[in-house]
Amino acid sequence: MAHKHGHGKERIQFANTEDKQEFSKYPTKAGRRSLSRSISQSSTDSYSSAASYTDSSDDETSPRDKAQVNTQGSSDFCVKNIKQAEFGRREIEIAEQDMSALISLRKRAQGEKPLAGAKIVGCTHITAQTAVLIETLVALGAQCRWTACNIYSTQNEVAAALAETGVPVFAWKGESEDDFWWCIDRCVNREGWQANMILDDGGDLTHWVYKKYPSVFKKVRGIVEESVTGVHRLYQLSKAGKLCVPAMNVNDSVTKQKFDNLYCCRESILDGLKRTTDIMFGGKQVVVCGYGEVGKGCCTALKALGAIVCITEIDPICALQACMDGFRVVKLSEVIRQMDVVITCTGNKNVVTREQLDRMKNGCIVCNMGHSNTEIDVASLRSPELTWERVRSQVDHIIWPDGKRVVLLAEGRLLNLSCSTVPTFVLSITATTQALAVIELFNAPEGRYKQDVYLLPKKMDEYVASLHLPNFDAHLTELSDEQAKYMGLNKNGPFKPNYYRY
Amino acid sequence: MAHKHGHGKERIQFANTEDKQEFSKYPTKAGRRSLSRSISQSSTDSYSSAASYTDSSDDETSPRDKAQVNTQGSSDFCVKNIKQAEFGRREIEIAEQDMSALISLRKRAQGEKPLAGAKIVGCTHITAQTAVLIETLVALGAQCRWTACNIYSTQNEVAAALAETGVPVFAWKGESEDDFWWCIDRCVNREGWQANMILDDGGDLTHWVYKKYPSVFKKVRGIVEESVTGVHRLYQLSKAGKLCVPAMNVNDSVTKQKFDNLYCCRESILDGLKRTTDIMFGGKQVVVCGYGEVGKGCCTALKALGAIVCITEIDPICALQACMDGFRVVKLSEVIRQMDVVITCTGNKNVVTREQLDRMKNGCIVCNMGHSNTEIDVASLRSPELTWERVRSQVDHIIWPDGKRVVLLAEGRLLNLSCSTVPTFVLSITATTQALAVIELFNAPEGRYKQDVYLLPKKMDEYVASLHLPNFDAHLTELSDEQAKYMGLNKNGPFKPNYYRY
Amino acid sequence: MAHKHGHGKERIQFANTEDKQEFSKYPTKAGRRSLSRSISQSSTDSYSSAASYTDSSDDETSPRDKAQVNTQGSSDFCVKNIKQAEFGRREIEIAEQDMSALISLRKRAQGEKPLAGAKIVGCTHITAQTAVLIETLVALGAQCRWTACNIYSTQNEVAAALAETGVPVFAWKGESEDDFWWCIDRCVNREGWQANMILDDGGDLTHWVYKKYPSVFKKVRGIVEESVTGVHRLYQLSKAGKLCVPAMNVNDSVTKQKFDNLYCCRESILDGLKRTTDIMFGGKQVVVCGYGEVGKGCCTALKALGAIVCITEIDPICALQACMDGFRVVKLSEVIRQMDVVITCTGNKNVVTREQLDRMKNGCIVCNMGHSNTEIDVASLRSPELTWERVRSQVDHIIWPDGKRVVLLAEGRLLNLSCSTVPTFVLSITATTQALAVIELFNAPEGRYKQDVYLLPKKMDEYVASLHLPNFDAHLTELSDEQAKYMGLNKNGPFKPNYYRY
Amino acid sequence: MAHKHGHGKERIQFANTEDKQEFSKYPTKAGRRSLSRSISQSSTDSYSSAASYTDSSDDETSPRDKAQVNTQGSSDFCVKNIKQAEFGRREIEIAEQDMSALISLRKRAQGEKPLAGAKIVGCTHITAQTAVLIETLVALGAQCRWTACNIYSTQNEVAAALAETGVPVFAWKGESEDDFWWCIDRCVNREGWQANMILDDGGDLTHWVYKKYPSVFKKVRGIVEESVTGVHRLYQLSKAGKLCVPAMNVNDSVTKQKFDNLYCCRESILDGLKRTTDIMFGGKQVVVCGYGEVGKGCCTALKALGAIVCITEIDPICALQACMDGFRVVKLSEVIRQMDVVITCTGNKNVVTREQLDRMKNGCIVCNMGHSNTEIDVASLRSPELTWERVRSQVDHIIWPDGKRVVLLAEGRLLNLSCSTVPTFVLSITATTQALAVIELFNAPEGRYKQDVYLLPKKMDEYVASLHLPNFDAHLTELSDEQAKYMGLNKNGPFKPNYYRY
């Protein structure tokens, strides 16, 4: 997709989907999964999306053609409708309730203003949750300018609320490709103001600064990148010797990977299936393809609700884990005829083939929780002998000549992205990690970080976790001096070796 | 609510709720819970409710004032818009896929037409699922006339589809009280046609026939009643010596109670909470008030997804079960300050008091899975010092003067009724039970049933269950002659004594 | 077995098993399962059996030939060795710690001595747990004389401890059939003392009194019977019009059935399999025959530890429950080749046939948790082409000519009886129920109980449960007056209708 | 303990425990846990230990003073009683049934005899399971000489069986310290035979060769070490520049750590508690100290059986995992008064202090699943005001002056080591890993491994796992060429990056 790797003159082909990042040119081996999470807010048709309150009533004028001023008299922003600010503020306040880690970070660090002097350009989904992140950065002393990393995912009222309080935001739901780059440029290119930090999700902003404003890029103190794709592009830059600033890979931190994937999928698989199909889980025969973190999360939840789950795997270690966890390990073709639900979580392509779709029983539900939209060979279903019937939003019945129906969810795109919500609490973990990465890079003594891509130090991972414990009223035990000595540990951590598997 | 116990001249006070049955005058000791299920389709604002497709586009003319004719030329029906029939047909077909027990019953019994000669008046929710029931009765030889038991729950397009195929249906979504009784009367009072069976949900139809058409009533062969309220009214009639026909209490059959309550709530508690609040279950502190079947279902599901659940109980036996199942048994006041979620499942009133609401922590979610809307003292929250803020459909924030917010779902009405869906499979069990009860009463030799209220014979309960086993590809074992003799059982059942607890 | 239904002159054939009750002539339809529990202490080879401390060191003289006197100078008892009293006392004290309900009952009722005047003859297993029961009855004012209901299950040191404190006990481990009846007679036939209450487990004592001392029998105020067999015999007596005293059927009380079967088996299936085979549960394919309470308990535990469990059923309702609980319902012959473990819980005979044993894979474990030793056709394995190899106590390898081994546990007798322990807590529930039944019958106003077999009133079931809640620090909620009125309940219970299924 | 680091002249102080390795001088930060597993067979009092069959009947003559010859005429061994060989053979055969991975390895590699020419000296526990390992090495072409790594853990009959088939074994149960080193020396020092591979568990053999036979040591091709302690000593040697041969650290391989700790503890915590205390798990309040793999395993199992579990942690990441998994995170002192069971799994010292022991309630069970015997401050309980009462093997009641009893298991040593069994299947995984490590080191082309300590290549970890899949009838899926290319993977693995957390 163009705006993910667009270099101005490239021919842009919009995929017919709101889940644009999925078409990334850069599939990478590890951590692909996280990609999906980074754009979870793009789920524009989600039941709970507050955005739906306001969209339909909006006029058709492009925000670029409107003259808007916030109550402070500033017009340094471009949003759909600044008058929605109040409604957006309420959404932000609701989000704050589940993001107390960031609020707590504001309190702990506010006195010292660790980001005083930071000038951050950011490019993320613009949602209530990222608004809490942005306002945290501001509270810690930073100046921020922001733009959207996805043309569909902006909550217009949240953008308005941010603009109203003085954060220059350039984003609205339903941007064109041209709008997208225009916004990025407006975000970066401000007379008398020069960014010294980049917070990116996908790498487009980074790329734009690198290409269009090389002198700015060289003076940046650090880049914080959240997505698989963006991280991949940074590694490529680094490999090519062109990364002249330190970058922090937030995507592969423990807190993000273990919590975002395992725990989040444990809940969203149920949510996604229910909202689309009203299926009763009890007694359903389910095959989950792939027993990584995502697969583990799906299997745990479905089994807990009475489904009979088996899995497929290519990796014998994960397969052995599945055995010990009580799941039969099968080949898809062995069981496909009996299954009520087929879920892919592999990150691979053509995991469910047309031949297997042909053999499914009537009413079988097929969906994808893994990477991109390649796991199910949906293309093979677009053939003349099959009839597609859209029965609900995100739900298609594919009808075979003999009347058999297969229920395809989200056209094979990510189910939890399209048909469920991501709990604010999980987003809080990621946002806190991003905030700490910004603080770390901005304040690191010269020389600590070179022109390379870094993982967050384990101690900061632990700090992110500790900021979230009060949500659960969890009380950590402290090591005594004697115990710390016995264990050879510092009382304040880090508590585990880097290779610890959790 | 009038139409639940309306005797014509009674003053009608409409409650400000779509869940009208909840205001029944007749709380009864056992089985109250089932009440909720019987009107689950009334969930008009449910995400998945197909009804929403069509409602907004409809005109304002009352169906009573419209002249409509189906393609067969009949005008013996009254629905919102007969033209929606095709859309309704698709909804029925989707429902059929999960109601294969009824389809199977059609096949097994079709040759013999066990309901040939049956003239059934029915009064139930009119949804895709009840349509499958009605069309099954027709397939088995019955003539049916139908009306709605709830003024809000009718799926207009389904009513249209039924009317189109020749079933005289008198129902639409949003009837007035007057409409309600008009529809019932039109259903019963058809020249040249006299009902000999009643299938009721709530007892209104039964009452109307009893009061207005006593001569018809006397000649009825049997009544099948599904709801707690309706069953209660039948028992009262019987006690008063006025029940001159046999009646079947479907509400208390095993298949209905164990499956509808335990398994259905296990799923709907998660669904209801997710759709309204996007809550992450992991690590949440939850108190469930009441450890009956509904409470058991809620606790099982929440614990399975990582919530930390404790319960309250008045009955020491249920409390001891909770202990053995791993739930702490507490008094609500002991834990109320720490809870993230409070769920009532008691069937009692004022289980959550204003005092306890005052002590909840900021962000605490309160909802009701039990009977009626009395469990949470919602009335006490309508006081001037508290601000109500509707943040989403079915979600209110109650704001205390100090800023504390309590999240109240569905205004204390049934969460699963208002905010989640009921799986078709569960409805299939109930519908099959109703169909078998009709067949049994209609065909019973004279004298088998007297003028009393009966439970379905256990053997028929077992038959209902057996019709649903193919859904799970479940294979029953058959007793050998030798084994049957050893056990003192008939090879075809019943397999358990009546008092067996399952 | 003679002593189960012995009528004096009958020819006695000792089965080659310590589990004598299993050969009862009277299989009954309901509740057979409980039979097993009533003699659980007979597990003489259990690892934890304290009895093993003392047995081997004992001399060979029959207790009947010894002259023993306790420290109070009494010789009105007959036990193995009165000198073991101190060791037995410690065992009783350990048991008391988990039977606080009885201790609490002693305290609550002690002032009033509700059993003052009661003269109880008892016939139960004589173990630390029943000792706590007996001493509770004494503390409440009763005079007790006791004998054993099983010739193998007596803990000699416990019998000594009871005798030492003045309870005339007539029992030792390893009685002969003749000893058995001699002990019963000595227990009943005491000059100047006439029993007015009978507490029985199996019906032998009752039968003896009925036959040998009809004049005593007629004046008895009540009989409390715990076992399936005993209850069956009482119902037969009643049917024949010969039961001239009221009897209480403790076997079918809720607290006994639900807790003893479901929860106890949930734990003992794991314990029994581990102690005998050291099996790792994770990933094992298990088939459980029968999904009643026992089967449910087994399935829950095994699934929780990672086994892959399927079930067989004859009853479609239980089968449907299994489906909803996430277990595949199969016929045994369909899966027998793949299974690692086969467990029977049906109460039926020949559930596992020789043909199926022939088809099992090498190393398959076969055991029985159900009724008696008939479920597995063990007799068919005693054929010349098969080799039996005893590899451990209670563990036989049956070796096929091709080298295949099937691992048979406890020779097909009850696994949890033979190879695991029954938690004291569960025994406490039963013992408390027995104590309350005695109090109720002894104190009931004339006319409350006729010459019939009764179930314990639900309110007393609830009381038994409530006495056990402090073990879990569980806090019951009390109904307010308003709530009790709304529910139509008495604040002190009973809280559920009799047919409530829990 | 001397034999862990004894250099001949050192003063030896035997700890009063059979778990000698626990007193290692070398506590190391990571992986301590595994230590326990390496000597699991030392559980001499385990119910299932076959050793108990023969011990008591043995004479008192030291094996060193006996002249024994096997049926092949060889006397190059020293075991307790060569006549027990047949019984030992049966134990080995039973073990083989659960170690099919090794049998399968024999078959796959047998043609090529990959260990032809290998002369292996080994020092491990000598049990049926290690016998399967040793005989696998022999089957693959190796010559083996073996000795025991623990003076208590040898199964005498297994040693006899090995000796009978021609493996020179020097080991018996109950060696003296002097015996221990004598055996090691006899194992290494054989005229005309020089070892070229070392397989060690604890590092004693390695140390002996290094010190006493430096010329042999230099020519060794590789060392395979399983234990934490031994690995630690290798790293120290390496750090000191004295490790002149490559060594393989088997202890930290994925298959060993994830399976041995998580899954094994999930089962052994239940087994250990049941065998010692007959506790009923349902409703018990349990605190687990430490939420690493061991803690996770314990918590999962206990929760699954109805216990109410909370945890303590020092690491916020693990604490957050506990929250998401549904366990309250507390400080021990906050909950100690309410707990029924306290379990330590931290690897730290004084996690349970005397002060906390003082505050426990009557009957509280305390045990240790973690490292060594330091977690519970048992020493503090050996004070005059407290009475110790041994109620069963491995079970002490500590009695406070007020009568309160605390139930201490295994005197604070490892519960699963002392009171439960380790499933053969888990040992199979470790043994297979050892065998592959030997093959790899012996056959590696020169230069692949330097004089350093290595982890097993991930591909071999995957191979170990794949060899165990047939046990579960698990069917791996194979990547298509197209898929492998898309993923950037080799079709045969490795499938994950090294840092993958599983």
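The first chain written gets the first letter, and so on, giving A, B, C and D; residue counts start at 1 in each chain.
Here is the rule we use: contacts are C-beta pairs under 8 Å (C-beta built on N, C-alpha and C of every residue); 3 or more make two chains touch, one makes a residue touch a chain.
Everything numeric here is computed off the predicted structure, so don't read it as measured data.
Trainee: Need the most distant chain from chain B, centre defined as the mean of C-alpha atoms.
Mentor: When every chain centre is compared against chain B, the largest gap points to D.
Trainee: With contacts counted as defined, which of the two, A-C or A-D, has more C-beta pairs across the interface?
Mentor: When the contacts at A-C and A-D are counted, A-D has more.
Trainee: If you average the CA atoms of chain A and of chain C, how many Å lie between those two points?
Mentor: The answer is 58 Å.
Trainee: How many angstrom lie between the centres of chain A and chain B, each centre taken as the mean Cα position?
Mentor: Averaging C-alpha atoms per chain gives centres 40 Å apart.
Trainee: Averaging over Cα atoms per chain, report the distance between chain A and chain D in Å.
Mentor: Taking the average C-alpha coordinate of chain A and of chain D, the gap between them is 42 Å.
Trainee: Do you know which chain A residues sit against two or more other chains?
Mentor: In chain A, 263, 282-283, 305-306, 323-324, 328, 471-473 touch at least two other chains.
Trainee: What residues on chain A touch chain D, complex-wise?
Mentor: Within the complex, chain A touches chain D at residues 27, 29-30, 254-255, 257-259, 263, 312-324, 328-332, 334, 347-351, 374, 461-463, 465-466, 468-469, 471-480, 482-483, 486-489, 493, 495-497, 499-502.
Trainee: Can you list the residues on chain C that touch chain A in the complex?
Mentor: For chain C paired with chain A, touching residues are 282-283, 303, 305-308, 323-328.
Trainee: State the interface residues of chain B toward chain A in the complex, per the touch definition above.
Mentor: 47-48, 90, 94, 97-98, 263-264, 266-267, 270-271, 274-276, 278-283, 285, 301, 304-306, 338, 362-363, 389, 391-392, 405, 420-421, 423-426, 471-473
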